[in-house]
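The structures considered in this document are given below.
Two complexes, one shared chain (chain A), two partners (chain B, chain C).
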Partner chain A sequence: MGTIFSFEYMIKSFPTLLSMVDVTILVTVVSEFFAIILGCIIALTRINAIRLLDKVCAVYVSFIRGTPFLVQLYLICFGMPQVLNYFGMENPRSIPGILYVFLVMSLHEGGYIAEIMRGSILAVDKGQMEAAKSIGMTGYSAYTRVVLPQAFRMAIPALGNNVVSTLKSTALIFNVGVVDMMRRAELMGSFSYRHLELYIDIAVIYICLCFLVQLGTMMLERCTRMKNSTVS
Partner chain B sequence: MIKLENFHKSFGSTEVLKGVSIEVPTGSVTVILGPSGSGKTTLLRSINFLEPADKGTMILDDKVFDMAAASKKEILEVRRNTAMVFQNYNLFANMTALENVKEGLVLVQKMGRYEALIKAEYYLEKVGMINREHFYPVQLSGGQQQRVGIARALALNPKVILFDEPTSALDPELVGEVLEIMKKIAKEENSTMIVVTHEIGFARDVADQVIFMEGGVVVETGEPRDIIENPKEERTRKFLARFSNR
Partner chain C sequence: MDNFLDPVFLLEIFEHLIKYVPITLGLAVGTMIMSCLLALMVTILRYKKVPILGKIGDIYVLLGRALPSMILIYLAFFGIPVLLMAVSGTNKSAMLLSGIPPIAFAALGLTLHTGAYLAEIFRGALQSVNVGQTEAELSIGMTWNQAFFRIILPQAAVFATPMMANQFLNLLKGTSIAFMISVIELFGAANVLASNNNAYLEVYIVTACLYWSTSICFEKLASVLEYNLSYFKRCTSK
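Showing the complex of A and B:
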């Protein structure tokens, strides 16, 4: 081992690691998409106190919030094939690992988004729902046209936070065999023994990604607020 | 015609409506007066099931509704034949004035986009808000918001429009503009209106029928001149005395 830190190696490895960023982005976008849908469904179920289902949702949310993400990841990725096998599926391991990851992350983030959306929906003035009902809208229309658009606007900062946390959680998915930046860095490190440089690269990539998300959140907030500001 | 028979409603152990019956002929204006807590707002809100009554029958034109056992479909039917103007305006905050009026036409009445636009603009013109049609509710004054609220209700051509203290949340100098619009539509649109208000002057000038409520019951019903200038009941007299002293 020569130098303690090889700046050259760090620069040289950067493009290789960066080329794996698509996995990270894909997992984040796909799971966040399903998580928002799931979160809204859970939030509405709980707010409308739909019999039995709201209890199930409450238990679900507390399970998600009460167990570490890594445990949930292992439960689904290693545990579910066993269950599928029992129910007669030939070779559940042949399902690509990334599909399991989509599932876990959607379920995980969905639990958190449920609480974000529940808070935002409850924060929308009750009169909005009443006005929608008074003109004869169905419950579904009232939510999709009036209540949810307003709830989402209030939820933007919190949802932005959630995207950032999803993004960072993807650093764990290499544990179940999905090849992403982390896995690549691990492999490269086992040859070069230069972990420091590689993980600095990864930290830089994550910082940049999170910065972009924050920027996006801010812009989204600004352009939805525009509608509400006083201009004449 | 809209007719309510024997409306009962309790919140917990408090009985708010104790068997209220009223009848409002088509095209007429009925004003409900009464002190706070008399149940007048609850009565109005039970008509379109925002506060479902525990007991009571409603006849809307020739259809009969059992208020305590109405199906989802019946509730929707009642709501689609009535409209409400709220104390706090309750305009959809995520829509412009125009979109607020258009929304029910397009979404509920399945009207074509263009047709709905024409109709919405017609009613915004009527309430004097056409020059603010692309403004969002937060950009409008209370009086302007309430005028849009009235246009939203009118545009649906409901069998009856329910006004729930439409001027109570307004600054005093804005009350006039809203009352003017209400007078105008009472005259021009020939709408059936039920108005809960504290504006005695409006009741005197516009109403065809005045109902005085207190403690969850109808105390007195009659023509505005009789009720306001010549009330028979002691309770009505007491209530009105406070207004004439002002």
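Showing the complex of A and C:
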């Protein structure tokens, strides 16, 4: 080990690590997409107090919020193959790890988004729903056309925070065998013994990603607000 | 493993793992105390707009919130030895550092992470205290320090409590990341147990239940605390 901190190595390895950023983005986008759908379903179930199902949803949300993400990740990624094996699947390990990661991340973020959506649906004025019903809309179209669009607009800042936290949880998925930036840094670090430089690279990439998400959230917020002001 | 989810086996795992709950709790509570102090310092620097230090505080909060806690822990674990080597110019201090248990690095990384979040919470709480309060104290001749610590902080603390409790629950769950730098806390112990017995499902179910029950206990505690602290708010709103 010649120098203590090699700036050159940090610059040199940056493109290699950046080339793995697609895994991080893919996992974030896919799981956030499914999480929003799941979150809306859970939120609507709890608001409409569907018998028994809303109790199940309440326990689900409590479980997701009460246990660490890592435990959920390990539970699904290592426990699920065991369950599949028990139910007679031949070779559950052949399923690629990233599918399990999609599942865990969607379930995890879904639990949090359910609470966000529940808050913002309840924040939509009650009169909106009544008005929609009174002009003969069915419950389904009243929700999809009137209530949910308004709820989403209110939920944008909170959802943006949620995307950032999803993005940051992706730093953990390399634990279950998905090759992403963290895994690549670990492999490169065990050759060069320069962990610090590599992790600083990753930190820079994460900061840029978080910044982009925040920028996107702010722009989305501004767009939706302008639409609102022209209507009223 | 001939029996799927054997209750006797689950109980055995439970008895083994419950011994590690105090370690996780200790790590969480210790980190929380340190990050409260750190956040308080950063908040005062930003609140008083101290020339350079206030800006450093801003940058710290920005970075602390943008970085995954995993990366902060790694930076603490791998970075501090390098930093010490750079300062002293020899390998000796690195040798000294190897005597420090990894749990200290985990606590440091988590403190940096939680401190940034708490600093934002404290800032919000301070803003929610009426500006007139400070003016009133200064006008009756209190020094800034007296005014801040006797009048402003106690009021801000009431606003901050629910969010601090939330942050503590996040931290409690965040301690599971410490196993990455070979700390044997609840999750680390669960990993060892799982790979020794080749029983992942059972072990992680028990681990999840332990974390879940701990979180629920603290949630209840927080709501009791919040109710008691909000006494003056309830009185004034009547």
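Annotations
To be clear about the criterion, the second predicted complex is superposed on the first by the 229 of 232 C-alpha atoms of A that agree within 3 Å, B and C clash if a C-alpha of one lies under 4 Å from a C-alpha of the other, contacts with A are read in each partner's own complex, and residues count from 1 in each chain.
Simple rule for what comes next: a residue touches a chain if its C-beta (ideal position, glycine included) is under 8 Å from a C-beta of that chain, and two chains touch if they have at least 3 such contacts.
Note that the coordinates shown come from a computational prediction; the quantities given were computed from them, not determined experimentally.
Once the two complexes are laid over each other on the shared chain, residue contacts for A:66 go to chain C alone; chain B is not touched. When the two structures are aligned on the shared chain, A:150 is found in touch with chain B, with no touch to chain C.
Of the two partner chains placed around the shared chain by superposition, chain B is the only one that A:135 touches, whereas chain C remains out of contact. By the touch criterion defined above, A:88 reaches neither chain B nor chain C. The larger set of touched chain A residues comes from C, when the choice is between chain B and chain C.
Applying the stated contact rule after C-alpha superposition, one finds that A:125 touches chain B and leaves chain C untouched. In the overlay built on the shared chain, the residue A:15 is in contact with neither chain B nor chain C. On chain A, the surface touched by chain B in one complex and the surface touched by chain C in the other have no residue in common.
Of all residues in chain B, those touching chain A in their complex are 48-50, 76, 79-80, 82-84, 86, 88, 90-94, 103-104, 107-108, 135-136, 138-139, 152-153, 156. By the touch criterion stated above, chain A contacts chain B in their complex at residues 125, 127-128, 130-138, 141, 145-146, 149-150, 153, 227-228, 230-232. Against chain A, in their complex, chain C makes its touches with residues 4, 63, 66-71, 74-75, 78-79, 82, 85-86, 169, 173-177, 179-180, 187, 190-191, 194, 200-201, 204-205, 207-208, 211-212, 215-216, 219.
By the touch rule above, chain A contacts chain C in their complex via residues 4-5, 62-63, 65-72, 74-75, 78-79, 82-83, 86, 164, 168-169, 171-172, 175, 182, 195-196, 199-200, 202-203, 206-207, 210-211.
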